[in-house]
Amino acid sequence: MYEFLKDLDKRWIFLLMFLSVTIPIYIIAKTGKSFPEVPTVLSEAVFQAVEDLDEGDPVLLSFDFDPASEGELGPMATAFVRHCAEKKVKMYFMALWPVGPQMIDDAIARVIHSDFSHLVYGMDYVNMGFKPGNEGVIKVIVTDMRELYTTDDIGTSIDDIPMMKDIENVQDFELVINVSAGYAGTKEWVQYASTPYPDKIKIVAGCTGVQAPLLYPYIPNQLPGLLGAIKGAAEYEKLVVDKYGGDNPDPKYLEAKRRMGPQLVAHLLIILLIILANYIYFVERKRGVSV
Amino acid sequence: MRREALISTSLLVLGALYLTGRVFFTEHGMGKAYVRAVEVKSLETDPEISWTKYENATQRSYHEAVIKDPDQAVYQFSLSRTLGTWVAALFTLFILSFLYKDNPLYKIAESVVVGVSAAYWMVVAFWTTIVPNLLGKLSPGWIKSWAMPGLNTEAEFIYLVPLTMGVMLLWRLAPKGSWISRWPLAFIIGTTAGIRLIGFLHADFLGQIRNTIIPLVVSSPETGFSFWDSVKNIIIIIGVLSAIVYFFFSIEHKGFVGKTAKLGIWFLMITFGAAFGYTVMGRIALLAIRVEFLLNDWLWLIDPSHARVLM
Amino acid sequence: MKTKFIHIIFLAFIFSGMNVCLQGQDVPGPGAPGNLSASDHPWDHGEKIDLEWLLSKDDPGTVAFYSIFKSDPANPGSFLFVGNTDPGVNRFTIEKLNREETYFFKVTVMDDSGNESEPAVTLTAISPSRQWFDGRRFPLFIITLIFCGSVVYWIYHARSGRPLQIRKIAGLEAVDEAVGRATEMGRSILFIPGIQDMNEIQTIAGITVLSRVAKVAAEYDAKVEVPTSRSLVMTAARETVQASFLTAGRPESYNQDLVYYVTDEQFGYVAYVQGMMVREKPAACFYMGAFFAESLILAETGNTIGAIQVAGTAMPAQLPFFVAACDYTLIGEEFFAASAYLSGEPDQLGSLKGQDVGKVIVAAGIIIGVFLLTLGTIVGPETSLGTAFITAAEYLKSVILT
Amino acid sequence: MKRNVPLLITALGGFILIIAYFIPATQGWGEVAAIWFDILASIAFILGGGNLLKIHLKKISDKRVGWAYSAITLAAFLITLFVGLGKVGVNPNPLYPDYGLSGHYREIGSPFWWLYEYAFKPLTATMFAMLAFYISSAAFRAFRAKNIEAILLLGTAFIILLGRTFAGVYLTAWLPDWMSGLKIENLTVFIMSVFNTAGNRAIMIGIALGIASTSLKVLLGVDRSYLGSGED
């Protein structure tokens, strides 16, 4: 055992990793079964923040991610848009990342076009597109939206969009939902929007696993709710589907829950690897091999 | 070495055979993409111009439309997107092949990604920065006439300053006087230093001190003394202070300071462990979506979103 | 005195008379607030005006809240609702006003039964004015001055030749060692200044470390390769490496083609660097700057080819991976200190001492604040002493540290 | 001149922005500088792109090892640039049908979109996904309980990994209520909101100080390696 493990080629580990992701995906897709989820406090808080909105409230959704993190954040974006659509709030999409508008279009196509096709562009939702400048954009639009956003993503003048009439700046939104994969993202939204205007701007966020630990210092004062990585997405999905899903929810609303399967197996693999690594280490120490 | 080459060649051949079999000898095939044709009309009524936009569609919707009306033209098979799916799948495999070892297929993928992505960001910079934020500010009339018909602003000549600095920057390409390009560089570095100095002192430095001012003893008239919240606060304060001691540069880590610094590094290690654990999650999700793409969109082995009818 | 007394009697008479008159009809409104005055909010951006008024005669009593209104510049004569205050409060700051407009204000009282009083109205128009200094940032200004002052002081202190005691940082000795080993093996050195642009201080710090690495490499006549993911970083890195070769006395060995641009795309860049590392097998790899997800790809590939790896970054999320996979990692502040250490110039070391002063401010701020809050909690917020402690702590948090 | 003027520009630019931060009328200058930086970085693409062309053309003309790959890079670069800058195959904005270039540069169905969707996206996303493999090999190699630091690192990672899956919840579900603090999902939250918060705060404070002092050194001209030698 020790001899085998000591000189184990990395590529065997790679193969194991590949299998531990592929096999669960295949099995879950074939059988349609996945593992149960128990929502944690932070996911509940996010759900509740959206749940507390009234019909017609303006909500800003900033999608600050790119295709590279779509695996983690796409399901969250889907669930957020769906929840907002179910609550009949007005959705204003924007992006701090250059490819963000593409993510917005994807989410709109996935949820609004297919299941909420009665919603009208410009009346119920609008895609304001990407603006370069990272946190600079946030700093400007917290006091004046029109200084940067003179048109929407496809070039329609802001003044021609009915739902923009009552919006002067970010403080006019009832809630800011941020889905972010890094800089600029949730941290910047918290620093430059909810920190200076604690009474006027409320932010909930969904972020990648890498970012989550860095955001904990802001919870709960500056950031009341946070969905961390695919697990957060799966928990939030469950809450939304339980309330609005009906008996036979569309599989696209359970994407994160499905993806928790490979997650579990791969986590167990890594845990196993850590245990084996320490087994090797202790055997080596016992035998007096210098390490 | 020869054995290795033999194995990899036979794997490639087997894979190719499997794909051929799946494409040509199964009824449904694989990796095909469909579109829905949507007519877009210009919003101006006169003169009316229209064109067709193609949205992604599923095989299921295509199949159902054909059953309803065999002559329909709304749903169509898309050759370019089918080709795209295959290209994307092969590129995915090419990159993953690096895990086995460096090879020509990986090198092809690498060359393509460097070329495409470099040009991609240049195009994005041109259409989102140069056109609206530089040319659009300097000569809105001109930009309005060909690129941004919705633009309605006055010219702002202050943007001549960044334009001039940009030209100075490009002066490097000239045979003489390339030192002039240091001026805009100096401007960038100076303004960056200024903004970051004050920004970090304000947001991170003061902000984190402020967040750390918490009572050691948590108690409120409604709920009374809370033991666990008190413990939490005490740990946070000890952790922050001891880790700061670790970063002290002017004192050697000996004696009491050394012990405190040691405690500080323990806190840092726990922090790193937590970050590692959280990150694993995200990375696996990324792999999962690639595998899903291969199995679902390309090989048509699984169908979690019920997008297809397999004939 | 006497006339005033008569006045009051008279007024009381009239009021009681009114009361009698109104009995049986609508319940009368509460007493109106008096003497509404508006003044510009000091030390601000020109968006706020402070209002102050005399409390209603029914306060304390039946007053539920005061409502504040501002005139609507777009629609003269009409007022817009701004906000409410609790009974007993006689001031309010109106925000988000426009410097170019003039405003009137009015305040009314609402009582428990939902009756609204006559309004108190400002008689003259006022517009907010902008001051030359933002008063909220005054404490920040002082703290900035103290911090910068102490850095400058210690730099001068060091320049005057007096000795400074600075502790060792493990990763730094490794720099020279790694360069030396690369030379011995006849292989190249890879230096990556992060993947952010020049508007990131970490990149600038990375470039500073590069100047040292390039200088040592020039002395040993080793090859340093610097692929960059930003055009401006390429420009700055070329300047730096060229200068280092000049300082080392070997300007003729400088080859600008070794500092080159790859692509702005994070993963395109890392795909290139990963392939390049496996093919060229550099003996030493330096990762100094702002890194994101690519950190582990680089560090694991470097590990596979057996390179000595030294990393330095201030990206907290990437530190664990560098710590796990590299030989030496400069954590956060240590990375910024590295440039000072490596330069070997005394004035640079002085700046580290200045940073320590900053840490003392942190510790003092935290300890004082925590002490005040804890005492306040122990004594009890219901006692006046406890309230005083808590107020002091809140002052520290919300005024000094914002 | 060649050296002192840049130093002066650096110092002036920085100190003016610091002071501007405290003056209400000029607080927006930092954002203006950021926009200008964006413009400069975009113009600098000409330098980067030129360099890329130069390197690969040279490799091809020298017929160096692997020159064919350079040809692929070059072709990919030029094609993408052409279809992107020219908005090839992009329909106009429905609002302004007379303006051929008013459409979005990445309109669905256009060649530039195709390159993005079927080359850029899968290639970069797969590169990112490679991390799943590297993280497993790193865990196997580096996570050994050599000393207390390493034990803390791997122990925490262990708990978090377990706690983020259904398995961890299942493993500790039997714990009675009074010990619910030890249930793995609660333990995870405790570690994150206490230890992780403390560690991250200290790191953030240290970084802020490091950045402020590095910036100051740059502004004072103590650290000026980026300015090169001062020779032409």
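The first chain written gets the first letter, and so on, giving A, B, C and D; residue counts start at 1 in each chain.
One rule holds for everything that comes next: contacts are C-beta pairs under 8 Å (C-beta built on N, C-alpha and C of every residue); 3 or more make two chains touch, one makes a residue touch a chain.
Keep in mind that this is a model prediction, so the values were computed, not measured.
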Top-ranked pair of chains - ranking by C-beta pairs in contact: B-D
Centre-of-Cα separation between chain B and chain A, whole angstrom: 13
Centre-to-centre distance between chain C and chain B (centres being mean Cα positions), rounded to whole Å: 26
Centroid distance [mean C-alpha coordinates] between chain D and chain B, Å: 9
Residues of chain D engaged with two or more neighbouring chains: 18, 21, 30, 34-35, 37-38, 40-41, 44-49, 52, 93-96, 102, 108, 120-121, 123-125, 127-133, 135, 137, 139, 141, 143, 153-154, 157-158, 161, 164, 192-193, 196-197, 200-201, 203-207, 209, 211-212, 214-216, 218, 226-228
For chain A, residues that touch 2 or more chains besides their own: 10, 14, 17-18, 21, 68-71, 132, 155-156, 210, 212-214, 217, 229, 231, 263, 266-267, 270
Sites on chain C at which at least two other chains make contact: 137, 140, 144, 147, 199, 201, 204, 232, 235-236, 239, 261-268, 271, 293, 316-317, 319-321, 323-324, 331-333, 337, 352, 355, 358-359, 362
Pairwise touch network: line, ring, star, complete, or other: complete
Touching residues (chain side chain A, partner chain C) in the complex: 10, 68, 182, 210-211, 213-214
Footprint of chain B on chain A - complex, ascending: 11, 14, 17-18, 21-22, 25-26, 28-30, 68-72, 74, 98, 109, 130, 132, 150-151, 155-157, 191, 195, 208-210, 212-214, 217, 221, 228-231, 250-252, 255, 258-259, 262-263, 266-267, 270
Of all residues in chain D, those that touch chain C in their complex: 18, 21-25, 27, 34, 37, 40-41, 44-49, 51-52, 55, 120, 123-125, 127-128, 130-131, 134-135, 137-138, 141-143, 153, 200, 203-207, 209-218, 220, 222-223, 225-231
Chain A-touching residues of chain C, taken from the complex the two chains share: 266-267, 292-293, 304, 316-317
Residue numbers on chain B that touch chain A, as the complex places them: 55-56, 99-100, 124, 128-129, 133, 148-153, 203, 207-208, 211, 271, 274-275, 278-292, 295-296, 301-306
